[in-house]
Each structure stands twice: as C-alpha cells, then as structure tokens.
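In the part that follows, the structures are each spelled out as structure tokens.
Next come two complexes, and both contain chain A; in the first it sits with chain B, in the second with chain C.
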Partner chain A sequence: MNKNQIDSTQLATLVFTVLSGEKLLQVPSLLAKDVGHDSWIVVLCLFVADAICMCLCLWAVKINLKHRLTFGTILQKTVTRVGKFVVLALFFALFVCRILTLCVSSYKMFATTFDISTDWTLFVALVAIVCYVAICLGFNAIARTSQLLFPLMFLSVLTLLVFPATQVPISQLLPIGEAGVENIAKSAFSRSFWFGDYVVVYFLMEHVQPKNNKLFAPVLTTFAVGALLVVAVNVIFVCLFGSLAQNSAIAISKISLFSVADSSNGRWDWLTLSVWLMSVLVKVVVFFFCAYRCVQEVLGLHFSKTSLPVVLAIALPLLVPLFVSSEDVVAKFVTWCTIPFAIVLYVLPFAMPLLATIANKKEANP
Partner chain B sequence: MNSLKRLGVFLLVATLLVLVSVGFKGKDIHDRAIIVGLGIDLVDDQIEVTAEVISPGNGSEQVGTYSKTVSATGKTLAQAVQNTSQLTGKEASLGQCVLLVFGEQLVAQQNLGQLLEFFVKSDSFKETATVCCCKGTAKQLFESVEALSGSVSLSLSAMMQSQAKEIAIPTTNLLSFARSQRELLQTGFLNYVETVSTNNQSSNNQSKPQVYFVYNKVAVFAKHQFVCLLSQSQTVGFSLLKNNVSGNMFVVQHNGNDVALRSDQKDLSVTFKNGVAHFSVTLKLQLAQTDNFGQNNSFVVKNNKQIPQELLDQVQLEAQALANDFWQMQTQYNFDIVGLHELLRSKFGTNSNLCCLPMQQIAVEFSISAQEK
Partner chain C sequence: MSTILFWCIGIVDNFFAFFLQMLATWANFALKRLANCHFCKQENLQVKVYFAQTFGNTSNMTQSILQQLLQHYNNCDDVKIRTVCCGQQFSVVLLETMCNDQKVCDFVLHPLLMQQNAKTLQDVEQQLALSVGTKTPCNFFEVLSDFSNGYTLVFDQEGNGCVAVDTRIALGRAVIEPPTSMVMRGPREGFVEDAKNNVTLLRKRLKTPNFKVVNLCVGKFTNTLVSVCYLENVADKSVVDKVILQVQSVCIDGLLDSSYLARYLDGNKTLLFRRVGSTEKPDVAVGKMLEGRVAIVVDGSPMVLTVPYLYIEDLQSPGDYYENSSMTTINRIFRFVSVLMSVLLPSLYVCLQMYNYQIIPFKFLVTILNATNTIPFSPFTEMLLVLVIFDILREANLRMPSAVGISLSLVGAIVLGDAAVKAGLIGAPAVMIGALSGIGLFTMPDNTLVLSLLRLAITFVGGIAGIVGVLVCTTVITLYLASLQNYKTPFLAPFTPDIPQDRQDGVAKTATEKMKTRPRSIPNTNKTRRG
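Right, the complex of A and B next:
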C-alpha cells in the first residue's frame, strides 16, 4: 500500500485539525486591530473563499483520479517548468513562514501559560525530528494520527468555548459592519496569508481516495464545523475583550480563562488547552510534509528514503528567532508577498480543474 | 531491523530524552510563590505590594488555612513584585491570583492606568480576577483573617464573584474595569471593601485580627482616576439598573408592621427611542421567608397573592427613589456605569461625539414596577 495514501474521511478530519492552529492563537488579535468587533466578518469571508477554493481543488482531485498525477506534474504539463517552479517556490515560502509562526506562537503560549522556559533550539530540533519521523512513516500516519485525535480536539475546543460563550454580551458585535466594507475587504486581503489551509489538498492530489465514492460531503462537513468554531472564537474574543482584544496576543488562552471564571480551584482549562495544542503540532507536521513535497517536486527528485538534508533545509529557517524577531521578519515578508500568496491561494484553485483536465488528457495521449 | 540498528535507535531515543529533560526547565512548585491575592498601596511615593501566598507543606502545623502574606516596596509595581520574590526566595507566580485590591491612599492619589496595564498585558495573569479597592490599606486587609474561611483572597473573591449577584451588589473583574477605563466615556467602578472586626478567635492565626468584609459600596473611576464613592443606597439604586444582579430587599409597612420583601428576579430592558433612553425594570417579589434567602428559589411552593398591591406600590416608590438618587449622582459626576453609552454605540456606532457625550445630555426615563413572583 502507498504509505501516503489517505481516504476522504481521513482528509476530512485532517482539514478540521489543520483549520484552527494560528487562527485561535494570534490571528484574532491581528484582526481585532484591523477592524475591531467586525473581525468575525473577515474570518467568515475568508472561510467562504476557502470553501470555494477547496471545492475546486477537490474537483481537480476527482478529475485526477484516473492518472493520479502529482501537483508538480500537473503544473509542468500545463504551465511549463518555469511556472511550476514559481508556484512551488511560493508555496514553499508560504509553508516555511506558517511553520515558523506556528512554532513561535505555540512556544510562546506554552511558555507563558504553563510557565516553562524551553530552549528554542531544542524545541525546533524536536519539532524537526517529529516531522522527519512523520515523513518517513508517510502521510497516512499523519492522517491517522489526526483521525485519532479528532474527537479529543473537537471536545477540547468545545469545552473551552461553551462557558465563555454564555458570558458573551452579543450586543458588542453591533453595529455589524461598522468598520466599513473597504476596511473589511482590506483586512481580508492582507490577512489572507493566515488562511487557505485547504492548500494541503494540492500536495495530496494523487493520494486521496474517495471513501464510498464520497469526497466532497465529509470534507466540507468538517470544514464547516471547524470554520464555525473559529468564527465563534473570534466572536467570543472580541465581545469579551473589546478594545483590549488587540493587545491580547494569544486569543485561545485568554478565552480559556473564562471557562474557569467562577472557580478558585485551579486551572483545569490548561488540560483542554494542552490537548488542543496537539492540533498545532499536527498542523506543523502537515505543513512540513507539504514543504518537503515542494522541494521534491521542484528538484524533480524522488528519494527512495526520506532526505535528511531537505528536512534540515526546511528546519533551518526555524532558527531565525534566535537572531531577530521572527514576528517582524514574517510580517515584513508577508507584506511583500501578499499579492503572490493571494494568487496561489485564491486564484490558482479556479484554474485547477482545468489544469488537471489538460494534464490528464496529455498523460492519456502523450 | 538488525539488533545493532535497534541498539542505535534506543541510544538515540535515550540521548534525546536526556536532552529534553535538561532543556525543558519546568519550575518546581517549591521554587514558586503561588500568589492568590495581591494588595497594592502607596507608601511614601513608593508602591507597596502585599501578596497572599499559598503556603504548602505545613503538614499538621495548620489545618484548613494555608496562606501567608509578604510585603515589599518598589518604585514601580514590577519592582515591588520582584522584591517580593527576593523576600520569599521564590519566583512570584501570578497565574493563580484571584484578587487584586487597591488601597485607599493609592486610589486617591495615583492614576491606576500603569498599574492596570501591568496586569492586563500579562499573559499569565487572569483577567477574570476580582478587582476592588478598600478602606485603609490593602496590607491591613490582607493581614487580617476572614472569620469563616481564613484566606482573605479566596473568600473575598468567592463572595464577590458569586454571592454578590444575589445580594444586590454589582461587582467587576479586571477585564471589565480595564475596558471601562478606555472605552467610550471611560468610566467604571470598583467595589469598596471595608472590614468589620469580630471577637471570634482563630486557633490557627491568633496574632491576626479576625474580620468580616463589607463591600456594599462602589467607588467610581474615570480615566483611571478616582471620582466619587457611592453610598450604600446609591449602590442599591445602581444594582436595580444592572443586569444579572438581583436580591434587593425592601422593607415596607403593612397594618403598622414591617414586612420584608425580596426580589430574587427582575426583568430589565434598556431601549433608546426618539432621543430618550428608557429603563424598564420589573421586580419580582416574594415575602422574605426562611427558605428564600440568597437563592433563586424557583422550587419554593407558590401561594397566590400573598402580597397586597399596597405593598407592591410602596416597593415601586422606594425603588424609583433609589434609582433616581443613583442617577442624580451619575449625572452630577458625569459617569456611566450602567452602559448607556454602550447602548448608543451598539445603535449608532463609535464616534468621537459619543465618547464625550455628557450624561446630562442624555434624556432618561425610568419605568419601575413591582409584581409578585
């Protein structure tokens, strides 16, 4: 059996696991800074865009089922070798930036919430080792892990949200759209970097196997549930924290305080928070896998075994925080790359079904 | 996998485990001073911090009571907190702090902005911590012993977070107070805690004075500065116009006797129409009996028409007078702690005019009614 093969149910649980990540960490405060209490509208708009793009990608997967071409091969057969290089290089940069921000924010959250001082190099080394092992074992292992963790993570997020949700003064969201359509659209565009998690599908193009002939339904269902939870987190966060939301770096750890508001018997929210934090690790591993695949496709290499130098090359940028503020570096880089990233995230999917059709036809009639 | 490879993998994993255990420096509980309450005073232009620290490991020395206090001063709050660490030899851990008390002199002379920022910007400090100010110094408050439970922080915080809502006392927490000082009219309130001495003696803390806490007044702040102190009756008036606060008790006259009526529930709606804010309060009353004190006793057997209309009318008048008294104070000192500006914001959006709209310019109507539950 292909060690990277996954079925649609596994893809569905993976989409849920990957969906939250930094969207419950620093994104709510960034959006609150942009548009205040209208941040949930930005999140909703971006999720609608993600859902449309994901449907198009899944459509491309369906078209690609016959010949099972890789994403790189599809690009090479349609937009030439240069086009493939540019797209994959952009994806590589995107994944590395996302891995870096995920590591930094989860490290920060862990250190501040649990008061544990950790050596960054060792932390990165451990993450890289986990990723290396995961790539060795194949994507199926990652998908099965997320399948196993899915109920736990779902319950954890739900537990973290239920009690704070009862304390939310929902009138804080009024008037809806106060920030103005222009500001909301601007924020959605500039923060699109943090979304578009469906891109994982590109790198599983040839490995996804519909279960019981169902591909769209399970994936879209978990996506909708995950998106609703993320929107709920944003609503709760801005309603509870108001003008202070932009100063609260890690949203989920702040919200979790309200799940123990009436108790002076310890912080059991730390337990649910720790369980949820595993989804961030899964997300890092998934993006690491995708970055690895980018290198593989760009270099046109098919390693018989997992290449340690490639893993190290991906892990190397994670040492940036040792020298400079990674938040500043990523923020600057993302500002420069907003348009190219937006193109690969939100324009390319519209061409994917067509590209997959052309590439498959070329494969059938070389 | 041959045995040499297995051995190699085992050695690698063992090495990693050692590295991990060295690299993750979790702080042992013995190295931390777990602070459950923090008092802040102003002493000779310096900040004095009094921390109530959980003191584990006393074995048979103490039963039930387990905290000690430590005080330190500094030019800034951060320095004072650090100095408490020097005194205890342990790192001050604020993640479990449930109570923050500002002393009287500090409140009167100091802008609370910087102090609040210290806590609000902290990733570990709970925004849900109860925050209040007190008569005298916070140090005196922490150095007393609550007569029924022992720990000042835990008992005062529990009282203000759960019991207060049922005895008609509005309370606040760090987040609400910090928000109130920077949003819209930038006014908010803190509960004003006074201590009442008791003759009870504790076998555990004979050196400390035993007290009860009274927190039925609120102090009003604008832009982090103290504005005024509401009297007890004005605080009751405030509680009538505040959501999620009930338990008002009214004593009225009936056939020459005093009758106590308790309102466990109320319906409160605030609307804004034609330039007038309309508060509509319906108090749901019961005769105060032994089995309906302090709780929303929905299971108490209901007897129809126990309260004559004449008594309900008296309650209505009294409640109206209390609300008017509070409102007069609010207009006089130009503060908004009932959320009128927030209502206008949710209707018309945030703008600079709204943020500085004085209370005198907002027309208000009260409609307070009383009915039997």
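Right, the complex of A and C next:
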C-alpha cells in the first residue's frame, strides 16, 4: 500500500485538525484588533470562502481519480513548467510562514500559559524531529494519527468552552456589524493568510481514496463542525473580554481561565489544553509535509528515502526568531505577499477543476 | 538286521522331527519375543553384524541411499539397522532415540516377519498398512527429514527406494492450563510443546474439512516442523500464501521456539511493538482463526502464533468472551485507562512537580510538598530512580525460582520501598506512582517490556522539556503506531483507520449473539459469522 494514501474520512478528520489547530491561538485577538466584537463575522465569511474553495478542490480530486496526477504534474501539463514553479514557490513560502507563525504561537502559549521557558532551539529541534519522523512514516500515518486524536481534540475544545459559554453575556455582540462592511471585508482580506487551510488537499490530490464513494459529505461535515467551533471560540472570546480582547494574545488560554469554577481544584484545564495542543503539532507536521512536497515537485525529485537536507532546509527559517522579532518579519512578509497568497488561496481553486480535466485528458491522449 | 535298521532310522527320524519341532517352537518363541520386546543389548550386537552383511549384499542404488544416510549419521550410536527376510531381504533402519520401540515392533518388524512372500516395496507398504503413517519418500532430503523425525525406513535390496513408517516417539507434558493466561471461566486446556498435539487441540475444536494444515520444515539443523493452520473459505488466500512463503524463506540454523519465527513473520521488523500475535490457549487460537487469521504451530513451542495481529488484541483477555459483554466492556476500559496511566503518569508527575504544579489541586499539592520537601533528589531524578528500581526488581523476579521470587518481592517492597521512604531518599508519592504505573503495565501482558521502556523515555523527555516533551513523545509514538501495517491489516484498526463494524469487539464489546460479521480489518473471504 502507498504510505501516503488516505481515505475520505481520514481527510475529513485532517481538515478538522488543521482547521482548528491555529485559529484558537492568535487569530481571535488579531481580528478583535481589526473589527472589535464583529470578529466572528470575519471568521464566518472566511470560512464560507474556504468551504467554496474546498468544494472546488474536492471536485478536482474527483476528476483526478482516474489518472491520479500530482498537483505539480497538473500544473505542468496546463500552465507550463514556469507556472508550476511560481505556484509551488508561493505555496512553499506560504507553508514556511504558516509553520513559523504556528511555532511562535504555540511557543508563546507554552511560555505564557504553562510558564515553561523552554529554549527556542530545543523547541524547534523537537518539532523538526516530529516532522522528520512523520515524513518518513508517510502521510497515511499523519492522517491516521489525526483520526485517532480527532475525538480527543474535539472533546477537549468542547470541555474548555462549555462552562464559559454559559457565563458569557451574548449581548456583547450587539450591534451586529458595527465595524462596517468595508472594515469587515478589509479585515477578511488582510487576515486571509491565517485561513485557507484546505490547501493541503492540493498536495494529496493523487492520494485521496473516497470511502464508500463518499468524498464531499464527510469532509464538509467535519469542516462545518470545526468552523462552528472556531466561530464559537471567537464569540465567547469577544464576549468575555470585550475591548480587552485585542490585548489578550492567546485566546484559548484566556478562555480556559473561565473553565475552572474553583481554582483550589487545580488548573485541570491546562491538561485539556495540552491535549488540544497536539492538534497544533499535527498541523505543523501537515504543513511541513506540504512544504516538503513543494520542494520535491519544484526540483522534480523523488527521494527513495526522506531527504534530511530538505527537512533541515524547511526547518532552518524556524530559527529566525533567535535573531529578529519573528512577528514583525512575518507580518511584513505577509503584508507584501497578501495578494499572491490570496491568489493561490482563493483564485486558483476556481481554476482547479478545469486544470484537472485538461491534465487528465492530456494524460489519456498524450 | 533290517528291523533294527528301520528301528534306528525311526528313532533318528523321530529325534530329527522332535529336534525340528523344538527348533520351530524356539523360533516361534524368538519371533514372538522379537515382535513384542524392546531392542535389547544382545539384539544391538546382532544389528551390527547385519550392518556389515547388509552392505555386502545390496545393489548400488539402495546402497547409495543407505550409505549416504549412514554417512550423514556417522558416529551416531542410536542408528539401528536390521535385515529382515520375508521372501526377500529388507533392511529396516531407524533412529532408536526418536522411535517408539513398541511401534517399531508392532507396525514394522512383526508384520514383516510374519510375511513370507513380500517381493517388492509395494508389498511391504501393503503389509505395513497397520501403521497410521506409511509413505514412500520422493527424494533423499525427504528420506533424511523423515528419518530424523523418527520414521522407520524399510529398504529393499533391489534399489527401488524405501518405505517410511511413522513410528515417532511421543514425548512431552500433558495438556494443562497455561500459566500465562489463566481464566476464571472458559476452557483450561493449553498448548504443549508437541506440534502434533497442538494441531489436534485445534482440530478438536474445528471439526470441519475447511480446517487446513500445511506442514513445513524450518531450521538447517533442527528441521523443526511448522504447521500453518487456517480455515479455508474464511482466511484470505493471499495472506495464507504470504505466511507460507515467509516461513519457507526462513533460513536459520535452528528454530527453537515460535518467537524465532515471529521475527521473520513481522515483515518490516518493527523496533518496538510486535506485530505477530501469540497464544497458549487453543480456544483463543481457534477464535482468531474463525475471524480469518492464520495460526502457526511450531514444534517444540507451546506458543502458537497468529497473524494478522492488531494492537487491540492485547487489550482483549481470553476470559472476555465467556463473560457478560457489559462486564467485559468495563474491564477493557479499566485495562485501557491503566495502560495510559502507567505510561503517562510518571512523566506527568515529573512535569507537574517541576514545571506546572498549578494543575494539581491545592490540598493535594500541599500533601505532596509535605512528603517531598526533605528529599535530596529532584522529582525527575527521584522518579527515574523509582522506575529503574522497579524494572530491575521485575527483571530479577522473572528469573528467580518462584520461592526466591517471593523473598525478592519482600526485599523490594520492604527494604527498597519502605526503608527508602523512611530514610528520606525517595518520597512516598513517587513510590506510589511508580508502583501504580508498574501494576498498570501488567494489564497488557504482551507489551509490558515495551510499555516500560516507553514510560522511561517519556519521563526522561518530560523531565527535560516539560509538558511539551510529553506531547511530542506521545505524538511521535502515535505516528509510529499509526504507520504500522502487516498482512494488509493496520495495527491500530479498528480505531484508525476507522472501521465502524469492527468496534463490536474494540474497547466496548457487543454481545456474542449480535456479532454477526467477521472483523473487516482482518482480510477474510467470508464476511458473515454465520457460515
């Protein structure tokens, strides 16, 4: 069996994992800074966009089932070698930035919440080891891990939200749309970098095997559940903290403060939070895998074994925070790349079914 | 004169007749004795005389096979040869130490000596039809194999080959309850060292022609019998073929136990977790075969191997299937929790003590602090010390005779545990957590060593990197477990990949009458359990 092959239920749980893995950390506070208590509308809009794009991607996967071409091959057969190089380079940059921001967010969470000042290099080394092991074991292992952890992650977030959800004054959300449509749209565009997690589907195009001929239903169901959970976190976060929300960097850790009714019982919520943090780790692994695949496709290489130099090359940018403020660097980089990133995230999917059809036809009649 | 002459002739005639009668009686008595008794020392001497004679009279081919056989068994005093005349001369060759003397007399010598007109090997084979196993080996290697396994070989003098008669000795212990898997309810029979008996125990429970046995020989010197057993129309043929191919491809000097073979059956040679099941209970092996698995019986080992193997099987106890399903479910949850606890509890204790003590409830924290504030070691060192001591005690206890083992347990519990706590070297909470974790490991008896090792590793990383380290270790272990697959069966099925139909015998167990389908995670050709 191909060690990267996954079925549609595994893809569904993976989508949930990558969807919720990061958006409960820094994103709610960033959105609160932009649009105040209307942040949940931005999240909702971006999720709708993501859902549409994901459906188009899944359609492309379905078209591609016949010849099982890789994303790189599809691009090469349709938009030439240069086009493939540009698109994959953009994706590589996107993934490296996402890995960096994820690592910074989770490190910050450990540092502030758990009060653990682990050395950044040790932290990065541990993450890189996990990623290397995961790539060696194949994407199937990553997907199965996410499938195994799915109920735990879902329950842990739910446990953290149940008690605060009963305490929040929902009236804090009123008036709805106070920030104005323009601001909401602007925020959605500028923060789109943090969304669009469905892009992992591009790099699994040839590996997805629909289970019982069902591809859309399981993936969209878990996507909807994950999206609702993230929206709920945003709602609870802005309702609990109001105008202070923009200053509270790690949303989920602040929300969890309200999960414990009596502090003398200990901060058991930290344990729950730790369980959920495994989804962040899985998300880093998934993006690492995608970045690795980008390098493979760009260089046109097929390593018989996992290439350690490539893994180290992807991990190297993670040492940036040792020298400069990673937040500034990433923020500037993302600002420069907002448009190219938005193109590959939200324009390319509309062309994907067509590209997949053309590439498969060319494959059938070379 | 003539009267006297006739009288004398009559006396001589009578005397001669009497002499002949006496001779016949003596011969009859000797034959009967020969047929019923074991080989005695005097007969051994006779055999040696025949030995020389036999090779003087035989034709080239038989001589060649015999000579080759005897060259192979040069300097083996337990090789016995007898020449029997029953119409024609036949050489009976056997390994005394591997043959049952009674069987040799009853099924080989006696029938041959009673026969007076056997001309060919076919006649001999007909004559020896009393024996259960009679065959004509095809080649010299088969001759060698049969001979070393305790078959008695009968060679003719014309070089037409030989007949092998099953006269194997049956040595071994009685079928008793296996000490490694005792049950409150259910069958108490256990496998023994003899492969034939073990296959009998399986066949006793599977009275169907669909029960198939493929016998193979493994081991250059041991020539060990390996029986691959499966249920036709249930087990997947490709899995059976793969198992047979892998057993055939084993190149080893000696196969002393089934665990030797297990390493060869584990295709990718996993570092930690074994992927070949083993059981000492025939009912468990049959239960697994009914699900489509293949059982491998190795002569000389009471452990029967089963493939494919799922991790969940270690969570299942043989007694589970004879108890109420809800009770079984509760027991399995306990086992699952205790395994998680035993692997993660020491590392969490270290992390919480060293980095995140806020997680611990206040009163509990005060109790722990009171018990540990005089300890000279850090929680990390203290816990590692406790775990290492526990592992040493466990290892020593396993190797000690049971009587000494009790003393060792007492020394471990009282001297090392109680005295160390009283002396203020180790805190009581650490000892308690170490003990709790140690006991928890034994709920998954097949993986105790691996889990113990993982526990140490996670505690070590957790002590260095805190809760991040524990998370990283857990994720890596999960990734590793999720990647394992053998004989088309994912190791972590039915949880990942998720197979809803197989959850009927996962952690929660459905009542037996409701389990209508065979597990889908195990390749099989018949999905329903009703035929």
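Methods note: the second predicted complex is superposed on the first by the 363 of 366 C-alpha atoms of A that agree within 3 Å, B and C clash if a C-alpha of one lies under 4 Å from a C-alpha of the other, contacts with A are read in each partner's own complex, and residues count from 1 in each chain.
The criterion applied here is as follows: a contact is a pair of C-beta atoms (placed from the backbone, for glycine too) under 8 Å apart; a residue touches a chain by one contact, two chains touch by 3 or more.
Since this is a predicted model, take the numbers as computed values, not measurements.
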item	value
Chain B versus chain C as contact partner of A:Leu122, first or second or both or neither	both
First, second, both or neither for A:Pro175, with chain B first and chain C second	first
Touching partner for A:Phe241 - first (chain B), second (chain C), both, neither	first
Contacts of A:Val324 with chain B and chain C, given as first, second, both or neither	neither
Partner chain(s) touched by A:Arg144 [first = chain B, second = chain C, both, neither]	second
Which superposed partner A:Ile250 touches (first chain B, second chain C, both, neither)	first
Touching partner for A:Ala364 - first (chain B), second (chain C), both, neither	neither
Doubly contacted chain A residues - partners chain C and chain B	114-116, 118, 122-123, 126, 129, 264, 266-267
Residues of chain A that touch chain B when the two form their complex	108, 112-119, 122-123, 126, 129, 171-172, 174-175, 178, 240-244, 247, 249-250, 253-254, 257-258, 260-262, 264, 266-267
Contact footprint of chain A on chain B as seen in their complex	16, 19-20, 23-27, 32, 36, 93, 95-96, 98, 120-121, 123-124, 126-128, 154, 157-158, 161-162, 173, 175, 178-179, 182-183, 342-343, 346-350
Touching residues on chain A, where the partner in the complex is chain C	1, 3, 7, 9-10, 110, 114-116, 118, 122-123, 126-127, 129-130, 133-134, 137-138, 140-142, 144-145, 147-149, 263-268, 270-271, 274, 277-278, 281-282, 285
Partner chain A, residues of chain C touching it in the complex	355-356, 358-365, 465-472, 474-476, 478-480, 482-483, 485, 488, 490, 492, 495-498
